[in-house]
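Please read the structure below before turning to the comments.
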Amino acid sequence: MNGRFIPVSKASLDICDIGFVSDVVVTEMVRTFRHAPFRLEDHVARFYRSCRYARLECPIHPEEMAAVSLDVLKRNSSLIATDEDLGLVIFMTPGISGLYAGTGGPQSASTPTLCIHTFPLQLHYWADYYRDGAHVVVPSIRHIPPQCLDPKIKCRSRMHFWLAKEEAQLVDPKAVALCLDLDGNVTETPGSNFLIARNGVVISPSSHNILPGISMATVRDIAHDTGVGFEERDIQVYDVMNADEAFLASTPYCLAPVSRINGVRIGNGAACGPIFTRIIDRWSEMVGLDIVGQVLRVKSGAALSDN
Amino acid sequence: MNGRFIPVSKASLDICDIGFVSDVVVTEMVRTFRHAPFRLEDHVARFYRSCRYARLECPIHPEEMAAVSLDVLKRNSSLIATDEDLGLVIFMTPGISGLYAGTGGPQSASTPTLCIHTFPLQLHYWADYYRDGAHVVVPSIRHIPPQCLDPKIKCRSRMHFWLAKEEAQLVDPKAVALCLDLDGNVTETPGSNFLIARNGVVISPSSHNILPGISMATVRDIAHDTGVGFEERDIQVYDVMNADEAFLASTPYCLAPVSRINGVRIGNGAACGPIFTRIIDRWSEMVGLDIVGQVLRVKSGAALSDN
Amino acid sequence: MNGRFIPVSKASLDICDIGFVSDVVVTEMVRTFRHAPFRLEDHVARFYRSCRYARLECPIHPEEMAAVSLDVLKRNSSLIATDEDLGLVIFMTPGISGLYAGTGGPQSASTPTLCIHTFPLQLHYWADYYRDGAHVVVPSIRHIPPQCLDPKIKCRSRMHFWLAKEEAQLVDPKAVALCLDLDGNVTETPGSNFLIARNGVVISPSSHNILPGISMATVRDIAHDTGVGFEERDIQVYDVMNADEAFLASTPYCLAPVSRINGVRIGNGAACGPIFTRIIDRWSEMVGLDIVGQVLRVKSGAALSDN
Amino acid sequence: MNGRFIPVSKASLDICDIGFVSDVVVTEMVRTFRHAPFRLEDHVARFYRSCRYARLECPIHPEEMAAVSLDVLKRNSSLIATDEDLGLVIFMTPGISGLYAGTGGPQSASTPTLCIHTFPLQLHYWADYYRDGAHVVVPSIRHIPPQCLDPKIKCRSRMHFWLAKEEAQLVDPKAVALCLDLDGNVTETPGSNFLIARNGVVISPSSHNILPGISMATVRDIAHDTGVGFEERDIQVYDVMNADEAFLASTPYCLAPVSRINGVRIGNGAACGPIFTRIIDRWSEMVGLDIVGQVLRVKSGAALSDN
Amino acid sequence: MNGRFIPVSKASLDICDIGFVSDVVVTEMVRTFRHAPFRLEDHVARFYRSCRYARLECPIHPEEMAAVSLDVLKRNSSLIATDEDLGLVIFMTPGISGLYAGTGGPQSASTPTLCIHTFPLQLHYWADYYRDGAHVVVPSIRHIPPQCLDPKIKCRSRMHFWLAKEEAQLVDPKAVALCLDLDGNVTETPGSNFLIARNGVVISPSSHNILPGISMATVRDIAHDTGVGFEERDIQVYDVMNADEAFLASTPYCLAPVSRINGVRIGNGAACGPIFTRIIDRWSEMVGLDIVGQVLRVKSGAALSDN
Amino acid sequence: MNGRFIPVSKASLDICDIGFVSDVVVTEMVRTFRHAPFRLEDHVARFYRSCRYARLECPIHPEEMAAVSLDVLKRNSSLIATDEDLGLVIFMTPGISGLYAGTGGPQSASTPTLCIHTFPLQLHYWADYYRDGAHVVVPSIRHIPPQCLDPKIKCRSRMHFWLAKEEAQLVDPKAVALCLDLDGNVTETPGSNFLIARNGVVISPSSHNILPGISMATVRDIAHDTGVGFEERDIQVYDVMNADEAFLASTPYCLAPVSRINGVRIGNGAACGPIFTRIIDRWSEMVGLDIVGQVLRVKSGAALSDN
């Protein structure tokens, strides 16, 4: 944090930090496979793109960011089991608010707060997705449009996602909110990109309305490699209801099947369809680890340790 | 903080708090006049309205919230000069993210984080407003619409306001961003309500798009008392350019004159017009303190102490 | 029907009628109190306004329409108990589709189909509203905007309301869908106007987006008579959550209390608040019948007859 | 109808059917060529997609639907001349409204009403299209957006199309309304998809705003087969005015040329351009019947029989 | 023109003037009654409001503008008959385009072009409005929204009004286009404000979308004086169709009755209703001239002089 | 002008011309390279497409238009140096307004005004673009949407562009305004198309919102020829900030590099990137003239002649 190594339990944010006072935070989350970070360079590059949009100048260069991240991972990997993995979080804020701290005017900031930290991935919490498929529910809350705040940057402005989630979970306590944009097009969920598959083609909502997810990019790359089509276009709830399969793509669990939208079964209702299987198998191969197996296995362990 | 009194310098937020991780924070800011809080009950009531919208259950009741606030103010008032005043901040978050803390699933939260703290108002930073009038600049960034996140709650989702401010300050480093809504109507600035006066009537943008500001409500009350009209309707940049006067209404400095929009003079370009004067004089009378004088006087002191 | 009296059980619509083939139907529903129709002239006048907008020429004049309606009511009133009441339905369509009937081109119609029929009001189905308050849920489906089809006409274009209802009932099988317009403002439910009360004032959503309901007009009239304020303006979900009371206004049950929106309690959560009581009492007085009592009493009867 | 065969002249709908009361109807129309249905499976598949979106569960399976349709066609084909063809209509509604029928609450329905019926295609009514080209006129009424009711389902919610048609026919009594969406993009007409051709490429409006027409799909297939390009993108009135050719695609008459928009000639103003001819010739070949000839010939017959 | 008096026949604009090259022109039109200008100060004040919005600095002061206008009127009044009247036009542009003139960069301008000229009002061209009522037709073209170019300034950006007029006149060669805004609300016509009357109240569309017309302001003033209500709110085509009366308000002919919209009769279809008569009579009284009589009489004269 | 040759210094427009009074003008600008017009046929074709949309009938045919243009160029080329070039402007208006000229009703026009004129290109005014790159700034003013006035026609309705430019130049007096559409997508600048390049692909905003620029079409053609990709899709400010290069494409200067948007450097901040160089070199080759050299060289000359 800000150039020093400290234990996470001691990592905290000044309550006058603009990252908290005005929610100005750019961030990234990377995960490891077998303790090695996945597409770290892509995450770092996106981080700097977010900074540029937010007009925050990062005090270190991308190369240094990657090196420090690797260092942080190395220090923390020894603390987890070999079959566990880490999430690595990078975040940066403009620093302390002069107004709140009594040191400056209402629009002044101190030096940026930059922090890189890790946490052990609790993958078992997503195990249900692989057993039953996730249930996405469309709330009445719409996603924030790019002319207010571009969803292509990875920031923490997620108060509307919180409302969306709360609303979706009125339908089903395990539901994941799937937000529409102001025109009624499907966008993304609070923590993942959303994809459908139809007639052997994976389809993503138009890129202008969503985070350019790195897990989604991985799906696209694998689709290309394995002869599955990949397209990007405006889709609506009708398309999801009548898709063959649907997925959530997100850093911690990579890719998860979606089996229902608003209570309606997608495809034949099976959790894991053939396109899902084709992609996750190839991905597992790439990273030398059974991705679904890791989620499901750790679950049992967790269940045991609960006793 | 969470039921204990600690010095502000030790007040910090867990970096896994959902208030920081996902920007879910409801908040209020109250100021004192002569060390007594102004319209504390109104702030507390709005806080509970915000909580209801955000589905956050506050662990204490409104009466207790008011009582604790008074207690916090009392403890801190002794630390400032008699002619200075305090800002009191209340904020609440859903608590620690289970995902980041490794203690729960992606949507779990712990007990809410509730904090009440104060800071000495650095009023001199606004002194220029009373000398030259503020300069508002309309950025290309639009305000977030109510169907995404209702601006009627006081939360900290202000990343778009940061972008708006950065953009406005390209025109003038002291400029205040005045955001339009998606239809091109004037809404508010990152830290204040915006009002115009024309033909003896104070006009506020429509209430559905803006924070129901308590300083603005005070202006309305004073307008009623002093025979000034007060209306609420959709206004556009044309109306601001052709207003007689324009104002910012905000808790710390109460009401400040605006003399320019996008570089164009409003009215005759004098900082403080007759409606402004009528309202601020009455307000000063109500609170037993020369509001403008306090801002301008403290300024000199600050300038001295800088040496 | 089309000038002849026939039993409802024999009343049917040609499947080639444009009222069914293309959903071109203007309609009204009137109810009786003690077998006398309530504000029949207002309903008839609105029917002719709807016809004008839909460019359907009604074959009879308003006076004749009212006279026939009274006649139909008289004939049917003898079939129900004295403490029961009737719903009277008027509808008109352009007539048979030439295309489907094989008698004309794709845009030809025969003479209009005009029908007036009655049905016994099954008021007990709304009894829960008076016990627990209705639960309104905001679906993701938005109300159709006036530039497509003006909600000010009473027609049967309610496919989107069906979808809205289905979606709302995923949250609660008894929920009533409360649709937002494309800008996120509250409009109406599939079968009723929606109103809130705050600080002694009844507030209706802006009239341009909703049916000019005759029950709502009655509420406005009674509000005027009894010293309750009545305003019309754009309201959002935040306003409903923070209202003191909320209501549904609809021909069959007149006015019903709403106690929850999206699972959140409105006011103190009691079904019938003071404004509701003041209005319904006056209304009951006007029509010489205990409106709530009729709903609740008949319920018991129905329950008995179910055995 | 609901499992029984009855003559069309006796087919009627209960006036309390939700398909009429609230316009909840999903439907399909298939036509025959030489008494054999065209792409029946595609129509049936789209019917089930519409049902899924509308949350109506069809009491029979797709295979049975196709089989019954064939049976209905066979029974009715004997009633028409060999050179005539049939239209087959499938529709389904949620059934009788409990409210109107006095048998249930306001949101209850009985068992679905399902009906399959035929009518002899009166193709001569479209003969003018092939002589002079159709005249499309853009009304001020906009098409309903997908976030209210997705135009991708085939339903009968066409009240706005009626208004659009009435408005368009103020310009020209034979005009066909061509609706724009809320953003000003061309969508479709009340009974057909709309296509343009420019530089040898057929262009369809974006698919998210229109019915996925089966005639249009046939055009796309034929375009692919015959070396004509086919694209899908947002088009505006400017593009139509400056197209080389324009078409209507619809089940009864397959494909018809459009020669004018808002009174402005498209291309050189000839009814049937080279792309039109190439496609309709191939289509005629596919179905073993001169499609245009059938329309024009029957016309003469009809003219005769008028005497 | 630019400070010199020249005959209108010699008044011309450089083809490199930015007023023509890029359509940057602010303007006003005033009319005389009995050779005296009507509300000249209001027109001049609006002219300076338009200039401020357009960031054009007028080289003379408002008082001088009024004085010169009176002078121009005086010089030209002698050229017309005593029972005729003049239109006076003021316009200003940024001056010659440096780019086109070869004297400067793409964004440079010379000194402003300011011109005041008159023309004899050919009032007889509007005589039909007083005989049959005007026919307004709603085109598919929408009015430009305030966030692009505020309709509250009087400028000459009327290309979209030209398209709207052309489209409306497909329905009726004498029709006047009545444009909707992007949300489907009624705004104004290419040359006049539009008003309706219902239940004794004159209603104007919301002011944020239309020119603040001085004839309309006169109607409002007269309404107040004569006990007619005057309101401002969003209205749609439904409201116009179901109004009692409707009007066009415009400088040359003051106020004209509207008898039809989209072919549908408004009220009882008579040209001049009671509210119209009450207002125009009072207006005629104010200016000492029979306004309608002047339009109708001059017509006959014009007819004669045609021989 | 209107069929006669006159010196530009004598070319002027009647102040009653509808092209000035109501801004109804369709236009084109062509430039020469070595005194030969570039893609004259494409400009003429676009001119006729604009006319068709505007319902203006050009009195001469396209072939004649091209021939006259060549003639005008020939006559004027002798007046400039051999290393200079000409801009040729075509414009057409509906002619004199009957209303203003006192010769007709409010909607009458005389014969069209058609004018073809030239001016010497003052290329040196753009020299800074090639030294430092242009600076684009996004104003709060949005581009006019196609449903009001289609930006695909080349007309002179640029009042909103004037406002946009004025606003952008508050940030930087040399800035070029880059307008967003109502949804926040990048469109174009007041005088040029805007393009970005990323990963070796040139990307244009979607074509429905912008002028189909002929310089942009040339870029596309050259991109195809030289192995650079070319795509068209909705882009936002984020995409521009994170592009590798960005360009303005416009008839006078062909293609110019953009180095900053809203003060943020694009790519590495160098004016001329590799894609720019590849395209401009090929273009220079095509026209036999060093395009950048011509701009920069003439600059020096101009600088000299300023002394």
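Labels for the chains are A, B, C, D, E and F, by order of writing; each one numbers its residues from 1.
In this text, a residue touches a chain if its C-beta (ideal position, glycine included) is under 8 Å from a C-beta of that chain, and two chains touch if they have at least 3 such contacts.
Just so we're clear, the structure is a prediction, and the values are computed from it rather than from any experiment.
Colleague: By the touch rule set out at the top, what is the minimum number of steps from chain C to chain F?
Modeller: Step count on the best path from chain C to chain F: 2.
Colleague: Same or different: do the copies chain B and chain C touch each other through matching residue numbers, with over half of them shared?
Modeller: different
Colleague: Please report how many Å separate the Cα centroid of chain D from that of chain E, as a whole number.
Modeller: Between these chains, centre-to-centre, one finds 46 Å.
Colleague: Distance from the CA centroid of chain B to that of chain D, rounded to the nearest Å?
Modeller: So the centre of chain B lies 57 Å away from the centre of chain D.
Colleague: Where in chain F do residues touch two or more other chains at once?
Modeller: As it turns out, chain F has residues touching two or more other chains at 53, 55, 140, 142, 145, 147-148, 180, 182-184, 237.
Colleague: Line, ring, star, complete or other: which describes how these chains touch one another?
Modeller: Other.
Colleague: Run through the chains and report each pair that touches.
Modeller: Chain-chain contacts present: A-B, A-C, A-D, A-F, B-C, B-E, B-F, C-D, C-E, D-E, D-F, E-F.
Colleague: Any idea which chain F residues touch chain E in the complex?
Modeller: The touching residues are 8, 11-16, 18-25, 53-55, 87, 89, 91, 94, 98-107, 115, 117, 119-120, 122, 125-126, 140-145, 147-149, 155-163, 165-166, 169, 182, 190-191, 252.
Colleague: What residues of chain A sit close enough to touch chain D in their complex?
Modeller: 180, 183-185, 233-239, 241-242, 264
Colleague: Over in the complex, which chain D residues touch chain A? Could you list them?
Modeller: Per the stated touch rule, the residues are 49, 52-53, 55, 145-148, 150, 152-153, 183, 206, 208.
Colleague: Using the touch rule from the top, collect the residues of chain A that touch chain C in their complex.
Modeller: Within the complex, chain A contacts chain C at residues 137-140, 142, 167, 170-171, 180, 182, 184, 237, 262-263.
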